[in-house]
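Each of the next two complexes has chain A plus one more chain, namely chain B in the first and chain C in the second.
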Partner chain A sequence: MNTTADRLSRWTPSIFACALVNLALGLLLAISGLAWPETPAGAPATLAMVHLLTIGWLMLLMLGALFQFVPVITGRKLPSQWFALATLVGVELGLASMVCGFLALGGNALAAVLLPIGGSVVVIAVLTGGAALLVPLMRKRPRPLSAWFILAGLAFLLLTVLLGLTFAFALTVPSAGPLLALLLASGVAYHVLAGLGGWFTLTAIGVSYELLPMFMLAPHERGRLGKAVLWLGAGGFAAALAAGLAGALWPLRWIGVPEQAGRLAIVLALALYLVDVARIYHDRRRRQIELHNRAAVGAFISLGFTVLLAAWAAAAGRLAAFAPVLVLLFLLGWLSGLGLTQLYKIVAFLSWLQRFGNRLGRAPVPRVQDLVNEQRAAGLFALYFTALGAAAVAVAFGQPVATRAALAVSLLAVLLLAREYARAWRGYYAVDRSSGPSSGTTTLSRIKGVHP
Partner chain B sequence: MPEATPMVTIEDVRGALHDVIDPELGFNIVDLGLLYDIGIEGGLIDLTMTMTTPGCPAQDYIVGGVERRLAELPGVSGVFVNVVWSPPWSPRRMSRAAKAHFRIREDGE
Partner chain C sequence: MTTTAPFTLDVRPLLQSGGEPLPRILKAVSELEPGQALRLLATFEPIPLYAVLGRKGFAHAAIHHGKDDWEVLFTPDPQAAAEPRKQRPAPASHSGSGAGWPEPTWTLDNRGLEPPEPMVRILSALEDLAPGEVLEAWNDREPLLLYPELEARGAAIEVEPGNSGVHLLIRRGG
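Showing the complex of A and B:
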């Protein structure tokens, strides 16, 4: 019985490619001056940009990774590979409709059609992908910690897209009821919290709890600290969202208490997670770690800085003033930074499995590391995070032109990294080295000098 | 008189499996300490091994590589590979050469 095909997600590479295109388009919109930082957060082009980055880039990236990752951690295959393709097509079509709908806002009747239709297609696509992931996750007993994070993340994903669809109707239907109008007026922050926090962050934590120890040969068991991150994080997001949304709809005085408690739990969960990540790096047995884990430190620093800044801004009553820089650091530093760095490894791994997996035992094969050029990519990750830091400073000082310039540099880094992913996928470096004069040593798998 | 089929030995098996790597670590599975037990009965090889981490995405490929490499040995009529998780793999199981390659301390910690 050959089960290798069951463990490989056939559509994941295509999903990653589409996600990267959406990231580039989102950054391009920001750089163009048509959207934020030149226009307010609620401007049509800014809404288009934000949804290109969240739905088009991060959601596709996360779902593409989960289609590959969930069968591996559960040991159970997805019901069908076609769910992944249906999700990709649905998300891309729905997103295209939404982006056109956002750009048509402000008088064009098309928006009233495109936004709800696009939102509905995205919800259907998410339900399709989520259902495919739930089957192996629910069958797995006992569930590893990472599976619980993913389950919690999927629940918040559902909440996020349903809230988004509600906003799409509220934005485009003039006769929307008073409750919808109230929700639109003060509920957007909870849409952001559910998406960036509950969905992306909890899922990213769950996936990182598997990938970091796996590639650094660190102890896999996360113990009480990992469980505390799960319960504080999931509980904190749930409490903050439930109380916040209820408070947005009904004037309840006491509702601020559970919301604040939820926010505190979130900050605590993220702080404990960072402590745990530091523990993984410290306890690793592989002293020389690969580029994707070295570069991921930039994402963890972004997360840590975001948590500290958010806690300080909240205490100083300046959360709204710092919201743009917090969202920038969280979305492009923590989530996108982690995504870009881990993608560097995942693409090479998938490429190896697809190209060389069935040659193992028959002929010399390269290592996964031989499919990438770490020296070249290291500078690109440094460029990405440095540009992002510069963009954050520019946002904090209210300099939109400087922000756009810094984001242009980060886009350049993303495009050059995308070329490195494509090279890893095509086996460019492996072919290059094995045809060179030093072929047959470390490039080809049999490591010499270790035979007893 | 027909030529006698050569008997495969544990040393033959271990030697052959130096050609099979864990693609992630880029090192052969023998020196990584992934082999737990090798049983040989006639031409049948019964091999018990593990992976560096449960849920290793390359597991099926490594098992396939082991089966293909051992099937090439003269005198082998069948190969059975059992993947187990207990006892869990640890860098302590690596050979000295592998530990030196990964700059892991002699005690594996």
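Showing the complex of A and C:
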């Protein structure tokens, strides 16, 4: 009888909690001064920090959300809930090994063991989670647009972790072949592009195409614009990555053409996506926008600003100089910003379903909104995005201390937001409306003359 | 045969503020004089209302003035009351199971409501149905989270996507 609980992805709340811990740890490492912005981008502690934020925070967040959403949007169940737990345990163990391996880099023999082992465990965990998600995604016909984005994202996830594993071997095995050394020398940018772009961004777009219209009551069909975002985005990342990696390994003179075409397609796809998001906000039927979608505007502004800045920096030949601020805005503004804001609604919704699912229709239940305190969280989202903007300015002006101070404020906002998620999950704000009017029976009308 | 001028009801402000127009419309209908027509101003074409008021003996004529601007004249028509089954087009059934279902005895317009309110309302209504009775509902979106709940309660559902929302027929099991 307990199908509501069955319908929930059992391990998703735990995955979200672990992801938030990793986000806090990553930010803490940046604030501590041991890693970027005080050390160069390739420094061991910086690599540890970046992977805490990408694998530990964003990847767990995305996978946790997909374990919940893919069965809903496809109407097909995951083969088993245990895949999600196996993914969580594998990612956490692999990541811990990788972080220790990174910190041991530079002479310590431990790194040679920990990095490849940790990387391999993460790859196995990703294959496990990805396989579980593929089952419903492949079975569903016709496939909704969001499912295509998720499929494309999962393909780039595989490419990202395999590239990462290759680097783990290249970094730690001194006798690695010349091909691996070449790949390490110029391939890191493609690892970043595949991960932050192909995997995180395409998946985030797919999930946002479900969540934004759902809660703003905008048309769900995205039409030709949505398809253009999908094909330009997926095609653009594929072309830029294939051409870029080929060019890193072999001296092909013409390879720059498809790579540039791919990058152009990516910029176009992201610009069209932002136009489409504006269209969703504009075409919404709910005048009142809930906090999670009001705050998400901060993420969309971060994305738009990153795209503009990247296009300008590329044209001016200053992409390398602006890389730190671009990565900061993209990772913490766009991806983390969207993640934190949508998480606010997702956690409340899951908590509500889990708490009241079986009582629906049979007894009055609180609304989902009764599980949160939007006023309190609104200030925290504003604090997060403001601190991030300040951090970006500090990075652009080469002020590591100011950057760390701004990131400390964003960490504070994250911790206080995490407390709000936990409260929503535990039902801290829940108002018992069982004595008040039921929300479910107010306007039902009996049709006279039909019932015998 | 209208003897009195039509009664005009403008539910556009109510719809724009996210309110539920059906109670006010039904109240207005119940207060009409014999033979009096109802002139309804709405922000969308009130398709589910055609079936509801059709069974109350009203014929409808809709005028689309522009974006979010509809005018519908509901005129008393004894013919409409006599043949309620013709008011609703046959649902394009996916599974075919809805073909032999009885006419819906309840109707709900869930459009303009934020998730999960449509699901809550449908499940509430379902509890009030007698076994075998059918509920008709209009939603903005396909109610994906509702399916497992209906399955758990032994109810069957027919889904028909349309231009102005998703038309649902839900039959209580037992």
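Throughout what follows, the second predicted complex is superposed on the first by the 424 of 452 C-alpha atoms of A that agree within 3 Å, B and C clash if a C-alpha of one lies under 4 Å from a C-alpha of the other, contacts with A are read in each partner's own complex, and residues count from 1 in each chain.
Everything that follows uses one rule, which is that contacts are C-beta pairs under 8 Å (C-beta built on N, C-alpha and C of every residue); 3 or more make two chains touch, one makes a residue touch a chain.
Note that this is a predicted model, so its numbers are computed, not measured.
K.L.:
Please indicate which partner A:V368 is in contact with in the superposed arrangement: first for chain B, second for chain C, both, or neither.
P.N.:
both
K.L.:
With the two structures laid over each other on chain A, which partner does A:S186 touch: chain B (first), chain C (second), both, or neither?
P.N.:
A:S186 contacts neither chain B nor chain C.
K.L.:
Who does A:R287 touch here: chain B (first), chain C (second), both, or neither?
P.N.:
both
K.L.:
Applying the document's definition of touch, where does A:W352 land relative to chain B and chain C: first, second, both, or neither?
P.N.:
both
K.L.:
Report for A:S32: first if it touches chain B alone, second if chain C alone, otherwise both or neither.
P.N.:
neither
K.L.:
Just to be sure I follow: which residues of chain A are touched by chain B in one complex and then by chain C in the other one?
P.N.:
Residues common to the chain A contacts of chain C and of chain B are 3-4, 7, 72-73, 75, 213-215, 217, 220, 285-288, 349, 352-353, 357, 360-362, 365, 367-368, 442, 445-447, 449-451, listed in rising order.
K.L.:
For chain B, which residues are in contact with chain A within the complex?
P.N.:
That would be residues 14-15, 18-21, 23-28, 31, 52-62, 64-69, 91, 95, 97-98, 101-104, 108-109 of chain B.
K.L.:
Once bound in the complex, which stretches of chain A touch chain B?
P.N.:
By the definition above, chain A touches chain B via 2-4, 7, 68, 72-73, 75, 210, 213-215, 217, 220, 285-288, 349, 352-353, 356-358, 360-362, 364-365, 367-370, 442, 445-447, 449-452.
K.L.:
Taking the complex as given, what residues does chain C use to touch chain A?
P.N.:
Contact set of chain C toward chain A: 16-18, 20, 22-23, 26, 51-52, 55-56, 81, 84, 103-108, 111-112, 114-117, 119-128, 133, 140-141, 144-145, 147-149, 151-152.
K.L.:
Can you name the residues of chain A that touch chain C in the complex?
P.N.:
1, 3-4, 6-7, 72-73, 75, 213-215, 217, 220, 285-288, 290, 349, 352-353, 357, 360-362, 365, 367-368, 438-451
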